[in-house]
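What follows is a single structure, written as structure tokens, with notes after it.
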Amino acid sequence: MRSRVLFARLAPLLACVGLLAVWQVAALTLNNDSFPTALDSIRAIPSILGDKEALINILASLRRMAIGFGTAVLVSIPLGLLMGRSRSVASFFNPLLMVIYPVPKAALMPIIMLWLGVGDLSKTLVIFLGVSLPVIYHSFEGAKAVEEKMLWSGAAMGLSAVERLVRIVLPAALPEILTGCRTGLVLALITMITSEMIARQSGAGNILFNALDMGQYDTVFAMIIIIGGMGIFLDAAFERMRERLVRWSEPQFDIPLSFS
Amino acid sequence: MNGRDATRDVLLGLIPIALLLAIWQGTVSLGLAPPTLLPPPGLVFMRMAQLLATASFNQEILATLFRLFAGFSIAVVLGIAIGLAAAVSPAINAAVRPVVRVLAPLPKVALYPALLLLLGFGHESKITLVAADALFPILLSTYYGASTVEQKLIWSAMAAGTPPREILFKVILPGAAPSILTGCRIGLVISCIVVFLAEMITSTDGLGHVLITAARTFQAVDMFVPLITISLLGLILNGLLQAVRSYLLRGFPEV
Amino acid sequence: MFVSDVEKAASMNLMPSRSDLKAEAAPAAKPTIAMIEIDHVSQVFQTSSRQDHLALSDISLTVDDGAFVSILGPSGCGKSTLLYIVGGFVAPTRGTARMKGNPITGPGPDRGPVFQEFALFPWKSVLGNVMYGPRQQGVKAAEAEAQSRALIEMVGLKGFEHFYPKELSGGMKQRVALARTLAYHPAVLLMDEPFGALDAHTRTRLQNDLLNIWERDRKTVLFVTHSVEEAVFLSDKVVMMSRSPGRIRQIIDIDLPRPRRRTELLLDPRYQKYVVDIERMFDDAGDDELQP
């Protein structure tokens, strides 16, 4: 049994190695100049991370991402919970959110840049917009599903409306909220990269496309590994935290189910 | 829900949209923002009507729709097939699960440069990116739906004489349909978003390209039009899928 | 070591084939053949903490053709598991179950289940659900539909053919489930607490209707329940089970005249004595859920 647990832990790692191996073989068979092998790309990583300017760029990207994600979560959870518990609030915001839903948030970058300039504010705002919707949606669903009788019990114990929201609805909806946050986290990374690809000013996405333009193909693929690694690491770290926070809830699937 | 409540909900929902338009118009009218940066809403919608009448703009829409549907269809077929296979076969599950765990949180858009290098700047790279992004929600919800089909439904069908290999299509697939369609809905919205972004990053046609062209020439009006168009396209496609969904799931309890 | 303990325990608890409750006169002699034989069946489950849990311990039971047999016991005594083994849904850890002398290796249309959860196909209408079995057996569509309509009428749902399960009440759903199973003519009905999810009133009506339907062709029925009254009212034979590990405590023949009418039976002292005696036996065992 212990060996099976060990295997389950190692399986994602094995999958990574497997995918890199497939890449290596594919690159060797295609033997194309613009498709470096996995090993060549991995060898290019240290030179990117060793470059001070690139490193500062990437860290600045991550800082914007953290700020955008943090503020989005702080605003979206209360809004989603209120929508879930009040029909009026829900029908007030739902159509607006439905209209915004299919708009690519990173596509707002050119317009926002027009208004707010190319600075951190524009980029952070776009990330904020990208993260908000899934967090609102999942908080809404989670709050809506809270058992009415649990709230009645709370009211009978003398909790006020606000106290019920904070002390009953919030914890009861927590598993669902965290699912939203997990989706939001990955989306924050995606929005960050995409907006940098579109704005082409600085950041990880910009390094990627500059390398593409200059034909430094191993740098392109090395950046892909770095960004992919960030996504996988952030998701795994968040999952660790989520498991601790909602240990009481029914076990969920260990892979994210929602990408809305 | 009765009629009056429904009307009230619709009216309430219109308030923020009307408010947004009013603030937009107000900002321009009061001279808080120059029209070159924020064109008044009337102008934007007129420009949109004007463009929708031109063949060239419709060409752009068609280019976007083609990539969207091609990518989305690939994602639907692969997602449902792999999801079902992983739910039914423990061997496939053991192989698929860790790979999905690694690939699902990977920002697919980062692969776009690689796709450009491998598949060129034409349709193929964009379609592949759309398919890669839409695949995972569909795959995961298919897997989830198929592995939570009630055991006793399967037993009932087996007792009625259904051979094991038919169970997959006669019980598991229809039983997982609600979950699969939810996944498709998420996948569709993601397809809308991704196709637009891919066209913005590099393309010679499509709605995303229209936006970028307008941005390069600082035509604020023309920047709003493709954004509103993609939002409307998303809403229409979502509505169509919703109609398909309520037809296919007419027997299922409301979710 | 573990196995021998089980066997020792089982040998000490030899099942009495006749009980002290058995009435004097034997039922009218009728040539009976064994429809189902359960032969030294044990079932071990692995719990999440990886411990072996003995759900069924050395069960042997014979069900005659045309008999209505109830399996009665507290929750967790493995009575449903026993039914699933006969259905071929679950393979026993040890021992064999046989149907008409042939070992059971999987589900088949000769044994039709009716579950507490109804398990109707939500994507099919009432008619679609009932027609599923006959169509699967290769019956032509028109014929299957005619048969199914007749069955739907028999269970009292004429006019509901095109309704979806979600539009029906629990009692109606269970009627559809019964019709769906009867539609492919199983030789044995396997009923897993079929009325457990229904309110008392609906439950009574369905019990009466089930008996009426059963009187027509007297199929073999294996009926799992935790209600003593239900078991005595419906059955020819009540198999009493005990918990942890699940084993047969006693088999009681219910010697009450048929066709049974509920209103008459409730006043019948023999019926009352069966119910009271069985309840007393369960009480004496102290076999309640509080036991760790």
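We call the chains A, B and C, going by the order they appear; numbering starts again at 1 in every chain.
To be clear about the criterion, a contact is a pair of C-beta atoms (placed from the backbone, for glycine too) under 8 Å apart; a residue touches a chain by one contact, two chains touch by 3 or more.
Keep in mind that this is a model prediction, so the values were computed, not measured.
Visitor: May I ask you to sort the chain touch graph into line, ring, star, complete or other?
Guide: Drawn as a graph, the chains make an open path, so a line.
Visitor: Name the chain whose C-alpha centroid is most distant from the C-alpha centroid of chain B.
Guide: C
Visitor: Across all chain pairs, which one has the most C-beta contacts?
Guide: A-B
Visitor: Taking each chain's centre as the mean of its CA atoms, how far is chain A from chain C in angstrom?
Guide: 52
Visitor: Centroid of chain B to centroid of chain C, CA atoms only: how many Å?
Guide: 49
Visitor: Using Cα averages as centroids, what's the distance between chain A and chain B in whole Å?
Guide: Each chain's C-alpha centroid was found; their separation is 18 Å.
Visitor: Using the touch definition from the top, list the residues of chain B that touch chain A in their complex.
Guide: 8-10, 12-17, 20, 33, 37-38, 94, 97-114, 116-118, 136-137, 140-141, 144, 186, 189-190, 192-194, 196-197, 200-201, 208, 211-212, 214-215, 218, 220, 223-224, 227, 230-231, 233-235, 238
Visitor: For chain B, which residues count as touching chain C in their complex?
Guide: It comes out as residues 150, 152-153, 155-162, 171, 174-175, 177, 249-253.
Visitor: Which residues of chain C touch chain B in the complex?
Guide: 84, 87, 89, 106-109, 111-113, 115, 117, 119, 121-125, 132-133, 136-137, 164-166, 180-181, 184, 186
Visitor: What residues of chain A sit close enough to touch chain B in their complex?
Guide: Listed in rising order, the residues are 11-12, 14-16, 18-19, 32, 34-35, 87-88, 91-96, 98-108, 110-111, 114-115, 186, 189-190, 193-194, 197-198, 208-209, 211-212, 217, 220-221, 223-224, 227-228, 230-232, 234-236, 253-260.
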